[in-house]
Structures are given as structure tokens and as C-alpha cells.
Amino acid sequence: MSSAAPKRRTLADAIAENVADGDAIALGLALESGIPFAAVHEIIRQGRTDLTLIGPISDMAFDQLIGAGTVARVVAAWVGNVAGGSGYAFRRAVEDGMPRPIEVVDHSNFSVGLALKAAAMGLPYLPTFTGIGGDIVKDHPGIRSVDDPFGGPSLLAVAALRPDVAIIHVQRADEEGNAHLWGNLGLTVEAAYAARRTVVICEEIVAREVIRSDPNRTLIPGFLVSAVVEEPGGALPASVQGYWHRDFAPFLDYHRTSRTLDGYAAWLSEWVHGVPDRAAYLRKLGDPALARLRVEATRLAAPANFAP
Amino acid sequence: MTSMYTSRELMVVAAAREIRDREIVFVGMRLPLLGFGLAKATHAPHAVGLFENGVIRDRPAESFIYTMGDPPNIAGAVACLGLIEVMSLLQQGRVDVGFLGGAEIDPEGNLNTTRTYPDGRLVRLPGSGGAGDIASLAQRTVLIMEHEPRRFREHVAYITSPGHYPGRRRGGPATLITTLGVFDLRGGRFGVKTLHPGVPVDTLRLSTGFALEVEADVPTTPPPSPAELAYIRQADPQGFWTGDTRKAG
Amino acid sequence: MSSAAPKRRTLADAIAENVADGDAIALGLALESGIPFAAVHEIIRQGRTDLTLIGPISDMAFDQLIGAGTVARVVAAWVGNVAGGSGYAFRRAVEDGMPRPIEVVDHSNFSVGLALKAAAMGLPYLPTFTGIGGDIVKDHPGIRSVDDPFGGPSLLAVAALRPDVAIIHVQRADEEGNAHLWGNLGLTVEAAYAARRTVVICEEIVAREVIRSDPNRTLIPGFLVSAVVEEPGGALPASVQGYWHRDFAPFLDYHRTSRTLDGYAAWLSEWVHGVPDRAAYLRKLGDPALARLRVEATRLAAPANFAP
Amino acid sequence: MTSMYTSRELMVVAAAREIRDREIVFVGMRLPLLGFGLAKATHAPHAVGLFENGVIRDRPAESFIYTMGDPPNIAGAVACLGLIEVMSLLQQGRVDVGFLGGAEIDPEGNLNTTRTYPDGRLVRLPGSGGAGDIASLAQRTVLIMEHEPRRFREHVAYITSPGHYPGRRRGGPATLITTLGVFDLRGGRFGVKTLHPGVPVDTLRLSTGFALEVEADVPTTPPPSPAELAYIRQADPQGFWTGDTRKAG
């Protein structure tokens, strides 16, 4: 394991170098916020296939990847559209095999989290009491019963899940990938520890001194990071605390339009294949929308003195 | 005194009444979130709310939120931990009550949000999210459902969130709040506690897909007070979650 | 579990209410910094007996408690004096049963951490690969061999360790015990989650808005906290990032003087029984020393915007 | 060219040479800490250091530190994680090399820092700290010891930090640096790599409490360069860790 050569990349290069056909990708780890939608769309544009998606709940991002036919397998606790409910592309893939069949490995948020945490801890499994008595854990490829070696009641063992790559969106990072993030965390840290490669997408690449002014805010150390991408607005329409509001309309619009295959295709054509990159996506949204979505207010964290 | 309210407003009030002061509550979105805020504003000012993304709040968000990850739910939070941390507190038994919904329920309080087979054809639902964890690990759970015969089934097609089962280590469903009434699910029974105002016993029976024992003189769910309604309408001014047809109370 | 009635206490009351004879106490969890020495001395003054001490390394604090005869059992990875080496009171207790015999349950830092983490997670144990091939894990009351249910190599299971009380020193907290801490963390968070009761000692009790301005800095939610004590300088001679330098002399002085039973007794008489409380201890140190030890410089964490 | 240096300064230099560029290093205090700083200042500018309290640094502290928890080791750190987090990275295998010391060592590189029995009487030592973890989980370890016969034993009284043993999953001692020389411990052998300048083979044999194969023409440990010495003396200006009798190189 080593601290690598220069890591700064364009998003297209970061995806090209770090996401291969057949890879297991963890994303959407902070649940509804900080979803790397720019990366999701770039993966679709680059035509990846046979991906495994790993995450807790996955607000619309997984559905978009599934609808585009990039996905062979989903390992997740919830696939849909938080504002709208069902993920129609997910439903079509599971119910009708359209555009292709997918395998679904159901989890709960905690069990998929423990699977990532086990890998993050360098363990083959973690024990838990969650899920006992339900159907998720029955005949599950990654969950087995274990005895408590100290004589207590039996538990379940959740097998470690090691993504090939985790893709996360954070507020700021330095050129080495040391990343500051705040607000929702979800499973972001666990996934970055667990993954073979981590792609950090940030609102701002900042000077090394900014990161080192607050080492407790550095939740992802750079030596776990393979590529750093500065892509402001790269999580839209998801929110980024202190940078971007949630853009509600695209979630509801997508939910409505993706109800049919044709609707999905139209969405894909307009919002993914119709724009070459995130900068073009933001231009397409337009300045008034961006001005409305950008956080202008300031509510700073209380000062913390690190002077020695 | 009469006032107009929706059945969802009544459900919010019923949810709030399930929260005791000083309790640690695993809050969901939608009706339970409003119920948590209402409880804090009335009889449970010291209750603390946990969200599965890691957020802990002791006051409702300052503005309306559509998802638990919305920035107003972070600003002013007590803590933003990780998912594993809040789930660990849940697994420890430190969470008194959690709220759950479902597409299907059976008499043991098992909930299905994974897949159904209406007319024999598979319909894939989104899945557990954190619901299976809350169902497994909270000290007690409160379930909230639309009361329709296709949702109340002798056997659910898939147990996403386990209800009562032999050997359960802790917790299980305590109360079910539906569009028709409030039910006591403690100890694996399925007893009618109250029927909402104006709901006939027959409607309840016809809307429940399994046999239900209903006593002759079931009490009526106390309707929302004006103060309760005022809170709900300030918290959900557009009726995004609570706005269905309003009816006389 | 519930969010309790008013929690603010004097240190003496917090110890009287939360530390009973025979209790298992976790402290010194951030390793060399933030050691709650004021609480350690108060426990000695209140004459507690038969305590179990739990911690990773324990710079001088455990040695002081052992020398005073308050301790029956130590569950730790390292007991001594980081600057000086040996803990002489610990040695006398183990080697000669003076002033009383103690039982020692040896751990490594990771294994004692996993024991606390298991309790923090509500689990009876956590698996690990650490310690295999060494003597610590042989015939250990809290460590057993377990199979990997997924067929990999065997592991060790570390049993959960649930302290009766964790005592931690942090920079700031509100009246409800919601605590901001930064700098060294060690096992502070795990112990606070694991313990039945947590006593938070802070440099400053601050307004609730200060804590809520930076929820990611709140590592201990108040509902885990039984008592909050404002005791500035309560960790001295240990350091507190941004508040107090490490005071090196007392560690070296104690190391020298505690070499003999008489020397220990003299130290105890002068620095523990000779002062009624921490305020008196600070007065005894004197203003010039306090001025030298207090952090005057400012190196603030880079701003983080939480505006929604 | 001659310069005066202490045997500890030579050990720091030898420790630095064990660190390759871009490696992730579990740093100890004292000599390894100086060695890490020296390596970063010379051939390994991109090495990253982890401390068991959770601190990660890519530059040495700006001022002298006595313990890894001292405030200058926090200010300017890359990250302050928890102990479990850095140990998890270690358990994952993400740490290339860790440094260890001990009171006793045996030919397999087992280290004892728990208890000894000189003259049959128990002497209790502080214990493992994080040493047992680094010994178990790093990709390789570098051991640093005073070379005295009572410390080099056929069998140590207690294995605090495991060395080589059958079925070891990963890592184990790679190099031992002592006051007398540098030794190759890879694969469970105990080979002399270099003897420090001026150390006779007989002194080595007499100082080692177990049989040692020494080849006739053991190379000499390359002495510190002036630049290396300059670094060490700026990093440890009082000779707190490196200051014993200086000798001609």
C-alpha cells in the first residue's frame, strides 16, 4: 500500500482509470446527500457494463445506472427514488429483465454497512443481531449464523464486502486526496476504507494547509485515495452541505419520466448523452437555477483551536 | 368543538402520542417525523431523534425537509455521526422507540417492503433501507400503514422487517397506526385500541385481509386538538405529507 | 435509555454519584492527552476501593490510582509512565502486593479497543487477527478462538467490555453533555458508547448553539452522558489541544518520587490529599506555571459552512 | 571524513534506511520517530506516518515531542482518527512497516515487554501498548533494541509481540537494529547484516544470549552522513533520545 503519484484527474479520466467493466462500485454512501451524480452519468457515457453496485439506500443514482444497462448486480438496502418511491428502471430490470436482467442481493442499511465495515477493519465478517427473524438474511450469500463463543445467543455473521472502487463526493480535499467532509456521513468513511480504490470528487481542491488546519475533519486519509477530481456541483441534484441545496425537481421529473422505457430513454438522451460533461450539465441547468441552488448563506462551525 | 382534519393529521397525532418524554426515538420521514416534532412541542420536550444517516436532533429542522439528508436537517443538529454509529446505539438497546411503515403487514406485525405478487405477478419494491434494523433492534416499534385489504394479509410475501416471532431477543411491534384506527400489537396479539372518528367496525373488518377480533365498544381515537393541528399545519404548510381530504372531527 | 434531568455537577458530586466501590472505570482513553487527572485525584480523595481500571496505555493515572490502594484489577494494554517508563506503584502492586495485590488482564491497544468497541456496538464480541502467536491471548479470560463462518483462517474473538463508567476530558460541552472534542481521540468515543454511565469533564460549558454549529464535532451525544463538569485545567499535567500544553515536570517528578513507597506517600499527601479540589491544585501550581501551560496561540480550524 | 556520532544516532540512520519512499509507516516514539523524520527528509519524502492514538502525519511535528499525544504532533497532522481506525488500516494490511522495541528478544524475533524474571524474581514491565498489534498486523516490522546478553535470550519469558511462527498470516520481523549491528530476521533466520563501525565480532557474540552464526567478513554499517547527522541534531537538539557518548565514525 503506498501513497501514490500525482492523483489529480478530470472526472472522465478518473472514471476511465478506476472503473472497469465488471467492477463492484460503492456510491451514494451518504444516503440522500453528496451522491456523485456527475460520476454516475460519466460511467454511463463511458459505456461500462456488468457493474455491481453497492450502497445503503440509493436515491435515484442506482436506478439511472440500471436503466442504462450498465449493471449486472445490486447489493443494497433500498433502490428507488426517495422523494417519489419506486425506481422504475430497477423494477423493469427485476420484473421484466429490461434492458437486462439483474441480480439483487438485499440488505438492510446496517447489514450492508457492516459488510463494508468488516472490509474496512480487515476482517472476513462482523457479527450482528440485526435481521434475525426476517427474510433478508435467509439463504443470503453473505450472511450466516454464528455462535457467540462466550455462550450468549447466536448471531448473524455478515461477510466483508470489498468494493473495487468507492466514489465519494466531499466538500474539499488536497491534491493528495486528504478529504474534509461534513454533514451527512452515512457509510462514506467505511466504503473509502473498504474499497481497493477510492475516487474523491470535491467541490474545491484546497491547499494542504487548509486540510491540516483541522485534522479531525479529515475523514479520508489521502493514502486511501486513487484519484482526486475537482468538480463543483458534481453531486447535483443531490445536496452538499454548505455548498448546494437539494434540487428537488429533477428527482420528481425523473420519477415521472422514467416510468416508461421511452421516458427513461428520453431522459438519458437529454441529461446524460446530450451533455459531454458536468460543466455542460451545469450550463444546461442555467445560471438562474444555479444561483438558486448554490448556498449563499453562511453558518460557520464554532472555532476550534489546534494551536500546540 | 369541531375542526376539520385529515386522516393523516390524525395519524400524526396518534404517532406523537406514542413518544414519551426523554425517550430516544429512531425517527422516520413523513408522518413519524411530524409526530416527533409534535411530541417535542407538546408532551415530550426532551425526546431526542436519531436518523439512520447518522443525524441526531433534539429540535425539528428549521424548515421543511423532503429527505432526512436535506441540509436543514443537518444545520443545528446535535450530532452528525455515521450510519454504523447510530445503528450501533440501536443495537445496544439505547433506542426506545422506532417508527416503521410497510406495503404489507401480517397479524404478527411482520412488514413487507421488498416484493409483492398482486395477481401473481412480481412487483419489486425498494427494499428495507433501515427499516429491518429498526424492527430488529429498537426497544419497541410503532408501525404506520394505509389500511387496505391487499396490505393486511394473513401471510406477507416477504418479511422485510420482522414482527413478533418465538425467541425474539428484544422489542417488536407495540402499536400500529392506520388510516382507520390504532392497534395494540404487544405480545403478538392484534387488538383494536381505538377506531378513528366515524370509522364503522364493518369498514375495519372489510379493510383487513385477515380475521380480526373487534369488541363491541371500541373507543374512538381522540381527535387532534386545535393546538396539535396548528403545529402540524405550521410544520407541513403545503400538506405535502398530511394533506388528503379533510374531514369533520 | 433516556435523556436525563439536569446533569451539571461539581467534579466531587459527579464522582460521588457515578463512581462506586467495585466499579469498572474507563479513563485515559485518548492516551497521553486529555487524561482526567482531576477526577483521578478526586476518586482517591473519596476513598473508592476495589475498582477495575480499563484503558489502552495509561500515562501515570493508573499508577496513581493503584498506589493509593483503590484498585483491585487492571484491564489495559500498558501501565506505566510514558516519559519515564515503569510505573512503580503498578510494579509494587504486581510484584509485592503493595499496598494491595491486583489482578492484571493484559491486552494490546487494539484488543482492549475492540473489547470496548464490541460493547459500543451492542455485540458480545468482535473478531480480530491481532495477537495470534503471542502470549497475551493465551488463557485470556476475554479472548477465545473462533472460526470464520465463511471458511477463511481462524480468528480471535475479543469479548465485550462494558465499563460501569467512562470518564473523559473534552474541550467543550453543553449542559446536556453533548461534547465537542478534537485532537487525539484514541478510544474516547468507543468508551463513552460502551459505558453504562459517562462523566464528561470539559474546559468550558458552552451554549447549545455552539455545539449545534458543528454537529460533526459532537463525538459524544448527550444522551449517553450522566454528568457534565466544567473543570478547566482538569486534565493537567496532561495536555488538552488548544487549551493546555503538556506539563512535563510532574510526570518526571512523579516517576522519580514514586520509586519508593515513602516517595509515593509523600506525593499523595502533597498533591492529592493536600488539596481539596482542582481549583486548589491550580492555585498550588501558581499563576506563573499556569500562564506557561496555558495555550495562548491560535491556529483555528479552517471554516466549515453548515448553512442549509 | 570523520565525524563524531552516538550509537543511537547510528541506529536512527539505520531505522531511516528501512523506510522506502511512499510507504505507510506505523511510527513509534523515540528513535523510530527520528528515523521516520530523517527518511522523509532524505530518500522517502512521500512516506506517511501513523500513530496508534489515531494521528496521521506526512511531516514531522514542528517542535520536539515527548509523547505521540503531545499537541505539536496534532497541529498540522493530516488526520486525527481514532485508535480503532488506524488499527483497522493496520489489520487490513495497509501499513507497510512498523517499528517495535522490547526488553527481551529471542531468535524468532519474539519480543517481551510484559514481564521478566531476572534472578528468578518477577519484574513487571508496562506491557504491549500497540506493539503486539504492530507485530501481528504490519506487512513487516523493524525491531530496535539495546544489545545486551540479558535481553537476547533463547526463550523470552513472555511473548508480548509475536515474531515468526508457523502459519503466520502476514509480516513478521524483517530487520533488527541494535546498539551493535543490523540483523536480517526475514523468514525466521537471525543473520548478521552489518556490524556497527568499531564493534568486534566477539563483542557481538558475548552480547547475544543465544548462539549466533557470524560470517567472517561481515560488512560495516555505513556511518551517518553529515547531512543525516545534521537532521538528527536539529530534530533532537538536546540529545534527549540520541545523546549517549559520541564516538568517532
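Miscellaneous remarks
Think of it as A, B, C and D in the order they're written, each chain with its own count starting at 1.
Operating definition for what follows: a contact is a pair of C-beta atoms (placed from the backbone, for glycine too) under 8 Å apart; a residue touches a chain by one contact, two chains touch by 3 or more.
This one's a predicted model, so the numbers in the text were calculated from it and none came from an experiment.
The distance from the centre of chain A to the centre of chain D, with each centre set as the mean of the Cα atoms, comes to 41 Å. Measuring from the averaged C-alpha position of chain C to that of chain D gives a distance of 28 Å. Separating the CA-averaged centres of chain A and chain C is a span of 37 Å.
In chain D, the residues that reach two or more other chains under the touch definition are 55, 70-71, 74-75, 80-81, 84, 90-91, 137. For chain C, residues touching at least two other chains, in rising order: 122-123, 128-129, 182-183, 185, 211, 216, 241-242, 245, 295, 299, 306-308. Chain contacts here follow an irregular pattern that is not a line, a ring, a star or a complete set.
By the definition of touch given earlier, these chain pairs are in contact: A-B, A-C, A-D, B-C, C-D.
Listing the residues of chain C that touch chain B in their complex gives 1-4, 119-123, 176, 178, 193, 211-212, 215-216, 218-219, 221-224, 306-308.
Taken in their complex, chain B has these residues touching chain C: 22-24, 46-48, 55-56, 58, 61-63, 70-72, 74-81, 84-85, 88-96, 137, 139. Contacts from chain C toward chain A in the complex involve residues 122-129, 144-146, 148-150, 152, 155, 157, 159, 171, 180, 182-183, 185, 206, 210-211, 213-214, 216-217, 241-243, 245, 295-308. Put simply, chain B touches chain A in their complex at residues 52-55, 66-71, 74-75, 80-84, 87, 90-91, 110, 114, 121-133, 135-137, 158-163, 165, 168-169. Those residues of chain C that touch chain D in the shared complex are 30-33, 56-57, 59, 76-80, 82-83, 85-87, 90-91, 94-95, 104, 106-111, 113-114, 117, 128-136, 153, 182-190, 238-239, 241-242, 245-246, 248, 295, 299.
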